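Have a look at the structure below, then the notes.
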Amino acid sequence: GGGGSETEGAESDLSGSIQIDGSSTVYPITEAVAEEFRAEAPDVKVTVGVSGTGGGMKKFTRGEIDIVDASRTINEAESKLAQENGISFIELPVAYDGLTVVVHPENDWVKDITVAELKKIWEPEAQGTIKKWNQIRPEWPDKEIHLYGAGVESGTYDYFTEAIVGKSHASRGDYTASEDDNVLVQGVSTDPLALGFFGYAYYEENKGKLKAVPVNDEDESNGSGAILPSLETVKDGSYAPLSRPLFIYVNSKAAERPEVVEFVNFYLDNAGELSQEVGYIPMPAELYEEQKQKFEQFATGNKQAQ
Amino acid sequence: MTNSDLNRYKDKAFQVFGIFCTFIGLVVLAIFLIGILIDGLGRIDWDFLVSLPSRRASRAGILTAWAGTLWILVLTTIIAFPLGVAAGVYLEEYARKTKLANFLEINIANLAGVPSIIYGLLGLEIFVRQMKLGPSLLAGALTLSLLILPIVIVTTREAIKAVPRSIREASFALGASKWQTIWNQVLPASFGGILTGVILALSRAVGEAAPLIVIGALAYVPFTPSSPLDEFTVLPIQIFNWTSRPQAAFLTNAAAAIIVLLLITFLLNGIAVYLRNRQQKKVKW
Amino acid sequence: MSKKEPKLEARELNAYYGDFHALKNISLAMEEKHVTAFIGPSGCGKSTFLRTLNRMNDYVEGFRVEGDVLLDGRDIYDKNIRVDELRKEVGMVFQKPNPFPKSIFENVVYGLKIQGVKNKAVLQEAAEKSLRQAALWDEVKDKLNKSALALSGGQQQRLCIARALAISPSVLLMDEPASALDPISTAKIEELIYELKKDYTIVIVTHNMQQAGRVSDYTAFFYIGELVEFSKTKAMFTSPKDTRTQNYITGRFG
Amino acid sequence: MRVTEKIVEGLLWLSAIITILVTLGIIWVLLSESVSFFSEVSIIEFLTEKEWTPLFADKKFGILPLVAGTLLTTIIAIAVALPIGLTIAIYLNEYSHARMRQIVKPMLEILATIPTVVYGFFALTVVTPFLQNFFPNMAGFNALSAGIVMGIMIIPMISSLSEDAISAVPRSLREAAYGMGSTRLQTAFGVMVPAASSGIVVSVILAISRAVGETMIVAIAAGQQPRLTMNPLVPIETITTYIVQVSLGDVPHGSLEYKTIFAAGITLFVFTFALNNLSFWIKKKYQEKYD
Amino acid sequence: MSKKEPKLEARELNAYYGDFHALKNISLAMEEKHVTAFIGPSGCGKSTFLRTLNRMNDYVEGFRVEGDVLLDGRDIYDKNIRVDELRKEVGMVFQKPNPFPKSIFENVVYGLKIQGVKNKAVLQEAAEKSLRQAALWDEVKDKLNKSALALSGGQQQRLCIARALAISPSVLLMDEPASALDPISTAKIEELIYELKKDYTIVIVTHNMQQAGRVSDYTAFFYIGELVEFSKTKAMFTSPKDTRTQNYITGRFG
């Protein structure tokens, strides 16, 4: 992990406040960073909200906050709004989340699943037609299949449909949805006919109650066969296509303030270690360095533009 | 069986049913309380109360959350109590049976049915943006005040209605003006009922998370607020946040925070019950 | 009837509860420093009339008055009249005792307090004086701070009388003030009325004809919303003009 | 003095008028976004379409499933809370000792203060498995347990406020009833409850409002599946749940999807408006009998 | 005192409101089909005693009774006694009118309805009969379905009497039933009491000594919680034994 402290010591006189809001998925990482940053710069008041990527973006594009946590990339409408409000920004990926496909631990028939099969289950046309396990693979039992997944308004769902069905927000609707992944854990772990998906961290913490299903993307270029999500497989990109990046966006005006610059640098230095600690998967170290450089250019470029 | 036997039978049966219902209520309550206590009691210590939030469940505390909750409670009471009681008095004493009163009455009943999240959207637009209060304690308290206003108004009216007309007449006949009568007789006599309503309303406000999240109350605030214009977090947001974490240790934290939240509401209810009982002892007709 | 300027006077007064015509064209003058009694069968409108004299019915939904009521020659239903001032002039005691849910002391001094009197000693003195006048002092002097609601019905009613006396009105309206009192208290109240009429104008509703005979100078007999007869009490009781009055007085009525 | 009176009345009037401003504010906030929603989606479709899938690629904008879900959970909650709450109120007022009332009433009020997240998990992890013993084909997420638990939560609103209303009935009325040889039950239902009816109706309206507006319990335990059904054993979604989920979710604002929450909000507003008018009408009719 | 078995009898009865000793060792027998009157100054415990006779004070917090009250020889404070049955036997009319907030008709037939009588014709007939007995029929026969609360105080009280009569009790307790009535209605009620005592045992609290004299066979004089004197009404009024009684009756009291 990165122990970015090359600037240590000089910054204790930094003060001011930094406002962050946005995705509840990214929140634990940002919270951890903010917590550690207090030791670095005790007089900088960093606050973190959880009003969702959408809500956070709304505030961000109006210039109400300095940094937004996002579990997806900014979309066109939001960019446009930012532009209209004279706000330019930089996008910085900070970690990965691995969406995990799970079944009940007593489920002894599912050994692996392909992306095509997942698509067959989840695509909109499946609604009302794909109701039994044996409709997916004939050797699977003639029993009902019960589906659990992230709420349709979440970034997780957004990403899952994009990756599996090929089109964002295209899926069947007759599954049990919840914004709260703990609820999904509860659902899948008590339902022997369940199949569900949610964030890797929730699987990690509930391994005893769940069984993860290896996913085969039938693409030999990034690892062959069905692959289980793990730190390594996500980090090296072989757990595809169900690993997604998480981001922060920084407002250019905020990036003129030394405490924000310091915080973002601190973030990128420590995100690797801290994201793993809170249940996510760090990016390779080179990527963080790359982001730092990108950010430095952005920050100084902004200054020069003035 | 004679009719009177039957009546007695029904009476007894209802008594049993009454005990049963009360018992159900208490048992469910006990289940909740015991469950929460088992989960969370062990987690509560001094450090938990005075520590800032943290990514590590064992180090995380609720200092900023309970401080924010107390601030919100006090500010909301200051705003909603006079406003709600005043509106209730107006409707019951000044505007009875006028068209305006009828309209207001329906309107208030409607407001009581508007879900809290919509008050959040309202607060965000009016207080946070238009009035430029930002996601501050004041904006939060104003939002929650509007949320509980209908409850305060409606229960105030009911309490006032219960004051016998003869008391009002006695006061008028002694040369008291309308307001003097209301202030000296009607309000003191209905104070117990008003208090019950306000407390019920406040205990609702104290447990709300959604509207505060919408107006931008934060989850991670590493400092306690020192003025109504500061940013803040509250216990329900902290609890909401912790229950959605994957790590089980955070659920323990959540249970512990729920205990603290309940303690705050108990304290509140305790005060109200004390006042109410004192009131009921004095007033009997 | 007296030729003097009356203290209180109703002129062609009509009163309605919604559609119900409760008082029909009543004209009646009440002489200063005298006692006028209203008698008549239950439901005839005595209370209604009494309550129009200090506008107590203002607060009854659907109640309406036509005609004038003059206090010292000024119409009390005039727009410029302040009802609270009027009520300080025209005190009232009700049919059912209605003490405030406060201490006995607070009940008695209520009228003074809302007028702004704050001096403890003044209040104390006024309280004692009024309670003595109402023949209640001896029974309650040791528990002035106890709740008035713990008194018996009769004690409560006397407290209400004391309360009305405390603001020293010039007119006192009493709606069957003794109907809940025992004979001893009643006699005291009657004595008191006798004393008070030296300074005050008193109007009293009563069911007790003996009482009307004992305390009043003038008597008005009401019947189903009408004023049937009004004259000196003695004259009415000895030689009623209207047969309805006669029947009522002799108890041959109904 | 008269000036004070006028000023006081003015201030009181202002306080009352604020409630209208609040309503106008809400309508303004909701309309500002839903106007453009309804320019893209016809009201007819909104009201008659039987599916609600605005967040899916294949968008359908029929509010009925959400309305049905809201109605269903509210009906279940009231069916639980009204009989139990009213029974408790009567029991405490007419049967139990004053001491017991003084203890039990505030204890029950605690039920209304427990965070709704706790109720949600209780419904999901305790009530549903328990009910599945009786309804084997009941889904893990369903309207029934959410409704029942919501009912438990609002019991104290009905029991406390109704008890207050009943104990405000003059003692002389109770004595009259007992003096005629009424049993406690007859006194309660023949005299006290009718005399306290307006207070009781108010408590029920408040309880209904709370049930209609409740979010977390349903979000956790009822499954978040918009479905046009009155079957309490299957997953459903309520209007409030939908609004909260979307407004706290990752949906980009300014998009049609985001605007749906305002359309749903307006619907809820109209919905409660209708409900309130209905109860007003009932209350009026009921009171006429006794006036 | 009569040698017959009494209908109602109190034996060494003591009653307390919390610490306050309201009734002190009262023993008193009320003869069947006769009228017993309780008199005494306000607050002496008449109402309290009356209310122990049908256990109406059971519902007053902190109230306690020692001693026995026998109805037809059976202790009404016995555990096996059913209070609702007792109250159907021992009817009651209160000091303040307390009609239910229902229609006049519903008020009168309430007692029958709770006993399970459903037949419309029976109820109608009973209502008319009781209202006639209470001298109210003519005034309300056209508005039986109107609310009882719109009646005047006197009308309300007569309605309460009608309501009590409707369940045909064998004992009738009346706490100053006429204190809110005009003389005509009072006379009717007195007549009615005279009629009723042919079949019923009646106990009446009154402040009006004339009334006690007119209607009662026996009179009990109470003074600060004590039963001072109990004897035939005529005997008491002509030759009271106790000086306190004498002072009270002659109005020399206080």
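In this document, chain identifiers A, B, C, D and E correspond to the written order of the chains, with residue numbering beginning at 1 in each.
The definition used in the following text is that a residue touches a chain if its C-beta (ideal position, glycine included) is under 8 Å from a C-beta of that chain, and two chains touch if they have at least 3 such contacts.
Here the structure is a predicted model, which means the values were calculated and not measured.
Engineer: From the centre of chain C, which other chain's Cα mean sits the farthest off?
Structural biologist: Following the centroid criterion, the farthest chain would be A.
Engineer: Counting contact pairs per chain pair, which pair wins?
Structural biologist: B-D
Engineer: Where the centres are mean C-alpha positions, what is the separation of chain C from chain D, in Å?
Structural biologist: A distance of 50 Å separates the two centres.
Engineer: Centre to centre, by mean C-alpha position, how many angstrom separate chain C and chain E?
Structural biologist: 29
Engineer: In whole angstrom, how far does the Cα centroid of chain A sit from the Cα centroid of chain E?
Structural biologist: Here the centre of chain E sits 82 Å away from the centre of chain A.
Engineer: Can you work out the whole-Å distance between the CA centroids of chain B and chain D?
Structural biologist: Comparing mean C-alpha positions, chain D is 16 Å from chain B.
Engineer: Do you know which chain E residues sit against two or more other chains?
Structural biologist: 84-85, 88, 96, 114-115
Engineer: Of all residues in chain A, which are in touch with two or more distinct other chains?
Structural biologist: 24, 50-51, 55, 180 - these are the residues of chain A that touch more than one other chain.
Engineer: For chain B, which residues are shared contacts with two or more other chains?
Structural biologist: Residues 7-8, 11, 164, 177, 213-214, 243, 284-285 of chain B each touch two or more of the other chains.
Engineer: Along chain A, where are the residues that touch chain D in the complex?
Structural biologist: 23-24, 50-55, 57-58, 70-72, 75, 77-78, 81, 124, 146, 151-155, 158, 161, 167-171, 173-180, 183, 186-187, 190-191
Engineer: For the complex, give me every residue of chain B touching chain A.
Structural biologist: 52-55, 135, 213-214, 216-223, 231, 237, 241, 243-248
Engineer: Using the touch rule from the top, collect the residues of chain D that touch chain E in their complex.
Structural biologist: Residues in contact with chain E: 98, 170, 172-183, 186, 190-191, 194-195, 289-291.
Engineer: Under the definition above, what is the set of chain E residues touching chain D in their complex?
Structural biologist: Residue list for chain E touching chain D: 54, 56, 59, 61, 83-88, 91-92, 94, 96, 98-103, 110-111, 113-115, 147, 149, 160, 163-164, 167.
Engineer: In their shared complex, at which residues does chain B touch chain C?
Structural biologist: 96-97, 164-177, 180, 184-185, 188-189, 282-285
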